[in-house]
Each structure stands twice: as structure tokens, then as C-alpha cells.
Amino acid sequence: MRVRDIAERLGLTWEGDGEREVLRVAPLDTAGSGELAFANSRRALRDAQSSSAGCLLVPLEFPNPGGRTLIRAKDPRAACAKVIPWLHPVPQPPRGIHPAALIGADCDIAAGVSIGPLCVVGDGVRIGSGSVLYPGVHVYPGVEIGERAVIHSGAVIGADGFGFVFEDGRYSKFPQVGRVVIGNDVEIGANCTIDRAALGVTSIGDGSKLDNLVHIAHNCRIGRHVVIAAQTGLAGGTVIEDYAVIGGQVGMGDNVTVKSGAVVGSGAGILSSKVLRGGEVWWGTPARPLKEYLETLANVGRLPQLRREVEELRRRLEELEKPRGS
Amino acid sequence: MRVRDIAERLGLTWEGDGEREVLRVAPLDTAGSGELAFANSRRALRDAQSSSAGCLLVPLEFPNPGGRTLIRAKDPRAACAKVIPWLHPVPQPPRGIHPAALIGADCDIAAGVSIGPLCVVGDGVRIGSGSVLYPGVHVYPGVEIGERAVIHSGAVIGADGFGFVFEDGRYSKFPQVGRVVIGNDVEIGANCTIDRAALGVTSIGDGSKLDNLVHIAHNCRIGRHVVIAAQTGLAGGTVIEDYAVIGGQVGMGDNVTVKSGAVVGSGAGILSSKVLRGGEVWWGTPARPLKEYLETLANVGRLPQLRREVEELRRRLEELEKPRGS
Amino acid sequence: MRVRDIAERLGLTWEGDGEREVLRVAPLDTAGSGELAFANSRRALRDAQSSSAGCLLVPLEFPNPGGRTLIRAKDPRAACAKVIPWLHPVPQPPRGIHPAALIGADCDIAAGVSIGPLCVVGDGVRIGSGSVLYPGVHVYPGVEIGERAVIHSGAVIGADGFGFVFEDGRYSKFPQVGRVVIGNDVEIGANCTIDRAALGVTSIGDGSKLDNLVHIAHNCRIGRHVVIAAQTGLAGGTVIEDYAVIGGQVGMGDNVTVKSGAVVGSGAGILSSKVLRGGEVWWGTPARPLKEYLETLANVGRLPQLRREVEELRRRLEELEKPRGS
């Protein structure tokens, strides 16, 4: 595709050599003359000036003193996401149920679903149209999965929640007879584990996205359009409301509530039953609003100086305590 | 079942409408008129008063001014665990070895075991009676699993421990020729990894329960009736004694010892070779007794105030330092 | 083998009963009269004196007043790694592609590779000679794996990176059309997840070793001879240079750079875009050089004392502030 074709199809303006042929999209640091690269972050914008990319996809205000060939976009990364499928084959898993998948009894699996080899789908599972189960996904009995969901290899949906009763010196299982309900347009990363509810439902709302190795315990309720990065774990009964963004390696105790639109920084730890206000960034363990967290960090960092100040006050005080006239 | 039938079968007393029909057990917040719900935690007890549940399972001292239909129990959650199987089908994986499971040579697999499809059981594995391997469990050669163990999908038992020798600028493997021995009544969550010992044995004692995505390194020895929550990881040679309770996302270095009955809070980090006393709650990184940890947190939280106090002392000192009579 | 045979084959000297028969290698604490055990750490050297092992493999300077039978080595653990295969069968997975593995179209799989049952290898995958895929490894299309690589059960190589574009209140996928390239002599632990690049390549260099449940996001570049312990996660675009050593449960944000030879302590958290100098040990969250981290810990630990000192200064100041002569 020529630069001008790409720009026109995006509805955007271009500068430089509109006839230039673009063969591929590539990362900024390796892109060559036949390749398009986008620049978004401050660092990328600095690097873009020296990039060898044949065409740059840059923000509207990007300075172009050298007359580089480029396309301007309000959101270059979003624009790039549109260009990639025009120039690259985006692998699509084949539709249908692979003969080496195992499907249980009484399942309701829509037409157009893709279920890869070595998936095991238990009895009574429902999967909506357009959903993709990559090879080796395990779905326990009774789980419901919406439309256009994408579940990566090794994910386990619907295993028993972790609930036990301690009596007479031993643990016995609290029966885990609830379900898992996954909405439309949900993506679940490789090797995630989403446990069934003890009673009732563990749910993941429409449009939510989970990275790899995320753990969702029994009876969690995750709202719509929630993002959870890799290796985060939620204990039982935790509620994440719509549009929350949860970083990686976050740990939440039982019955936490993360209100709509809250952002939880990577590595944060949230104690059981805590409620995190929405529209706020939370960080640290125990999680606090970002501003408080940074103040605490700064205060701790200044401890050596505080110690020196106290030492100095002591010396001056001793000076004053000396008997006059001596 | 009628309320009175449930109470009688539990050996407990009931109040209100003993003839009321209970169809299901449900979570407190969604339970309706035909459903029983239990209340245990302080929050649940508050919510119970306004619950629509047809029957409540509550502690002995629960006030009942409104004359609700209820059953009193010393441990309502434990009582509920008994009721659930009377009212709900608790899914039981079918006995026997699924034809799509792969079983190695020289295995000793007891009658009555359930091995799901796509399990891979290596040569020389021993599995005791009543144990369940959900679909897709991987058991490397030579592993021993006791009776009534439950292992969820995606768990990998007996992979090589992570041991290498660094020589001449490269790592070569320290041969991992030990075994894994798992006791009776152990439960292992989805996608856990339990490595074989380098030499000797990695072991998990009778009655211990592991949540999902737990990592147990080579040569760890976990005692009896230990509970380990999700995403916790133990490095090589760590020993967890009987009845310890380990929270989620805990990390332990090499050769840690957690003494019998110790409790380690979620997210704690324990340095190599540390010994955590039993009968104590440990928290934070590096892990300390809970009281110390809370004091430290409080002290850090009061740092801004301490800084202000030092500032005030300085001002007062300056006042005193001024020459008299000026 | 006799003690003298082992010593000679290692090119080392022995003391005591050279004719003694050694049947096995065993851990120091359980080794009996027919067994050899090595001692390396300070604790092990203390324990070695009372060990019942028939033969000890010890450092050159190990005191031997009791005239124990032993072999002296510069690096006893490395020497032991050589002895183990002489006395123990080291399980070797069978060569070839197991009939229950699924191999895609247009793959280039070298002779002598071992691919276990229930591995799923996507289209266009390349695997170099001598590599081992244990049962149940998932390799997405287009992945390249070098020679003598070892990949344990449940690992997922080449799943989509976690990249989304947020527009009009919902997330849509940033197409993940890049690849994964894994070098020679790489080992990847059970249930690891290595995502494909969005554009370009996610790579793991020759000789690097990953423990279980490690997460490597899209576009990470891991150098040669890097070690990463269990449950560590790297976000997108992070670069780990050669010979770095990364502990367990470490979390790194986007675009971190860990310079060659750096050591990152277990549980550390590294903020996005940080650069960690090489030849240094980093610890804590946010990660600092070890010395700084320990100082901070110590300062926080001394806070109660600092508070008492400030209190004392206040009292003495109040004394001075009292009007003279009163």
C-alpha cells in the first residue's frame, strides 16, 4: 500500500512522499524503508526523529523539520492497530470444533465457534457464537461463555473454589456447586484460572480482558470493560466494577470492592473487605491513593536526613544546657 | 427439604416456620424465599437481617427480633457445607481412567481412581484409591500420589527442579533425579507446579490443600493439613510444618522453615533460611510478627507528623539560642 | 562405584576409605553409609560433620579431624552434578514426535527432537535438533525454538500479547502479529507463558533458564545466559541483558532495561522504563541497590527509637524554656 492510500483509508493527512510503498508495520527501532512505525510515548517520539522507518504514524503536533514521510493521527497507536490487518495476515484459528477436542454432554455450542484441539469442555457448557478456545483450554461442567470471547491455551475455567471447613484437626471441602459466567468479548490469557462459585456465580462482564496467569477465585464478580494484567490474583468474593484497570501481580483479599474506574498499580496488595474508591489511582501494600503512596515513599527516603536533623538539634540543645559562665 | 428436616438432620434447633420448603442453598445477597443462606462474618450477620432468604443458618447468639425462620449452629458455615450436598448435586468426576488419558509403563493405579481425559501419567507413577485427576493433569515419571487426592486441570507434578551449575560462562543442569510424594486427602489447584527433588523427595503431607497457581520447588517438604492460597511460591528446600496456613502470593526463599501452626499473611516475603516461629502470624517483607509489622506501618504513616515535630523543636531551639537582652 | 573411582574420574583427591562402595547420591541429611552427599553452604558444612553419608564431597579447606571418607573439590555442587548421572538413571524423554502430539502445517522440526504426547505445535513452527517438549506444551504458530531447548509441561509459547486500544468505551485488540524466537539451550519451566510480539519479536537468548510460572510479555528481549526464578513477570518491551539473574516473583513494568550481569532480588518491583545498572544487586519496590534497600529497612526499623529521641529532646527543651529563677 502507498502512504497516501493508508492515510486516506484512515481518513488522515500525510506529509512527504505519498507514493512511497509500505510493505509492513514494524517496531520503531527496527523499521526500515519499506515499513511503517508508530510513535506514541515521549520516548518513542524522541526515537522517531532518528528512525529509519519509511513512514511514521505520529501525533498531530509532531514536529517535522526534516520533511519526513508521515501520517498524523490523534491516537497513532489506535490508527496503527487499524493498519496492521491491511498489511499483515492476522492469524485466525479455524472455525469449528477440532476433532481432538473433547466436548461433554448437553453442551450448547453456537455455530461459528472455534474450539482447538485438546480442549476439554465439560457437561452442560454453553459457548456463544464467534468465541475462540485455543488448544488446551479446560472448561469444567456448567460454565457459560458469551459471544466473541477469546480464551488462550492452558486456561482453566470453573475448577473448584478454594473453600474448606476445619473440623477435628482436618480440612474438608466446602462443596463448590456454583458456576462461572463469562460475558461477550472477554479475553482470558494463557494459563489463567477462573474458579467456580461455592454458591451462586463467579462472573466476568462483557468486554473485560485478562492477561496471562491471572487467578480469579470463587464468587468474584468482575464488571464490564475491566482490564487485569498478568499474574494478578483475586481472593473469594471480590468485586471489580466496570472500567477498572488492575495492574500486574496485584493481590486482593476476600470481599474487596474496587469501584468503577479505579486504577490499581502493579504489585499492589489490598486487604480483605477494603473498598477502593473509583476515579483514583491506588498503589502499594496496603494500597493507598497514589499521592499518599508517593509521599510515604519520599518520607521514608528522607529518613537519613531526618536522623541527622535530630542529631543536630541534640547537639545545639546540649550547648544550651551547659551552665552559663562556666 | 423442610426447615425442620434440615435442622433435625444437623442435630440443631430451628425457629420460625419449620414446615417451610427449602429448595436450594444460595449466597446471602441473592437468596430468595425458597433458599437457605448462611451468615458467619460480621458483615454477613449485618446483611442477614435484611436478607430475603427463606431460611437463615446463623450463629447461636444471632438476635431474631423479627421472628425470622432460621437454624442456629455453632459454626454456620460448617453446617452449610453439610446441607449443600443434600440439596445440590455435587459433581463427581466419573471413576476410572478415561480412554483419552495416557498412562505410562509400570504404573500402580488403584481401583476407583478417576483420571480425566488428556491426563499424562508418566512411567512408574503410583496413585492411591479414590484420587481424582481432573482433565489435563501432567504427572511426570515416578511420582507417588496418595488416596483421595484431588488434582485440578493443568497442574504439573514432578517437572524438573530449577537447579543449574554455572561453569565457563554457561549454565548446565544439576540433574534432577529425585521424586515427588503426595499424601492422602491432598488437594492441588489448577495450574499448580510441584517440582521433583534434585535428590531425595519433594513431599506434601496428608490433608494439605493448595490453591491455584501455587509453585512448590524441588526438595520442599510440606507437612500435614497445611493450607496454601493461590499464587504462592516456595523456593528449593523450604519446609512448612503441620497446620501452617500460608496466604496468597507469598514468596519464600530457599530453605525457609515455617514452624507448625504459623500463619503467613498474603503477599509476605520470607528470606532464605529464615525460621518462622509457630503459633504466630507473620506479615510483610521481610516477614515479621504481625504486631511488629503493624507498628512499622503506623510509624511510617506518622512520619509527616514526626517531621513537623522536629521542625517545631528547631524553631523553639532557635528562639532559645537568640542572645538574651537583644 | 568405589570412592577412589569417583575421585579419579573427577580428577580429584580423596581421603579415608577409597575402597568404599557408593551406591547412590543423596541429600546430606538423609544420606547413609552407601551414599555420597555434597556440602556447599555454611549450614551444610556444619551439618556435614555429623552426616551419616558414606562419602562426603566437600570444599578443599574442609577440616577432617575425624578422618571421614571424603572427596575434595573446588566446587562440590558442580562435582556432584557430574557424579549423579554415573550412579542414577537420569530420565530422558524418548526421541521423536509422540503419536498423540499435534503438529501443524509447514513446520520445520529437526531430527532427534522429542515432542511429548498432547503437545500442540502450530503451523510454521521451527524446532532445532535435540530440543525436548514435555507433554502438553502449547506452541502457537510461527514460533522458532533453537537446539537443545527444554520446555516443560503446560508452557504456552506464542499466545497473543496483551495489547488493546480503548475507543468509544470499549477495548479492541491491538493485533498481535509478531513472533517468538527462543535460542539454543534454553529451559522453560512448567506453565510458563511467553507471548508473541505485537510487531517484531519476543526473544529469549541462548542458554537462558526460566523457572515455572514465569510470564514474559510481548516484545520482551531476554539475552543469553539469563536466569529467571519462578513466578516472575515482565511487562511488554522489557529488555534483560546477558547474564542477568532475576529472582522469583519479581515484577517489571513496560520497557524496563536490566543491564548485563545485574541481579534482581526476589519479590522486587521495577517501574516502567527504569534502567537497572549491571554488576549491581537490586531489591525492593521500587527496586534500589541492595545497600540502599538495607539502609532504608534499617531506618524504618529504628523509627520507634527516633520517636523516643525526639520526645526526649522536647522534654529537655521544655526544661530550658522554663523562666529562670522561678
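As written, the chains take the letters A, B and C, and residue 1 is the first residue of each chain.
Just so we're on the same page, a residue touches a chain if its C-beta (ideal position, glycine included) is under 8 Å from a C-beta of that chain, and two chains touch if they have at least 3 such contacts.
Note that the structure is a prediction, hence the values are computed from the model and not measured.
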Which chains lie in contact with each of chain A and chain B?
C
Does the chain B and chain C pair touch with the same residues on each side or with different residues, judged by whether over half of the numbers are shared?
different
Please work out the Cα centroid separation of chain B and chain C, and write it as a whole number of Å.
25
Residues of chain C engaged with two or more neighbouring chains:
118, 136, 154, 191, 213, 231, 249, 300, 303, 306, 310, 313, 317, 320
Could you please specify the touching residues of chain C with respect to chain B in the complex?
25-27, 30, 43, 75, 77-78, 80-81, 84-85, 88-91, 100, 116-118, 134-136, 150, 152-154, 185, 187, 189-191, 207, 209, 211-213, 225, 227, 229-231, 248-249, 266-267, 297, 300-301, 303-304, 306-307, 310, 313-314, 317, 320-321
Using the touch rule from the top, collect the residues of chain C that touch chain A in their complex.
102, 118, 120, 136, 138, 140-142, 154, 156, 159-160, 162, 164-165, 167, 169-175, 177, 191, 193, 195, 197, 199-200, 213, 215, 217, 219, 231, 233, 235, 249, 251, 253, 255, 269, 273, 285-286, 295-296, 299-300, 302-303, 306, 309-310, 313, 316-317, 320
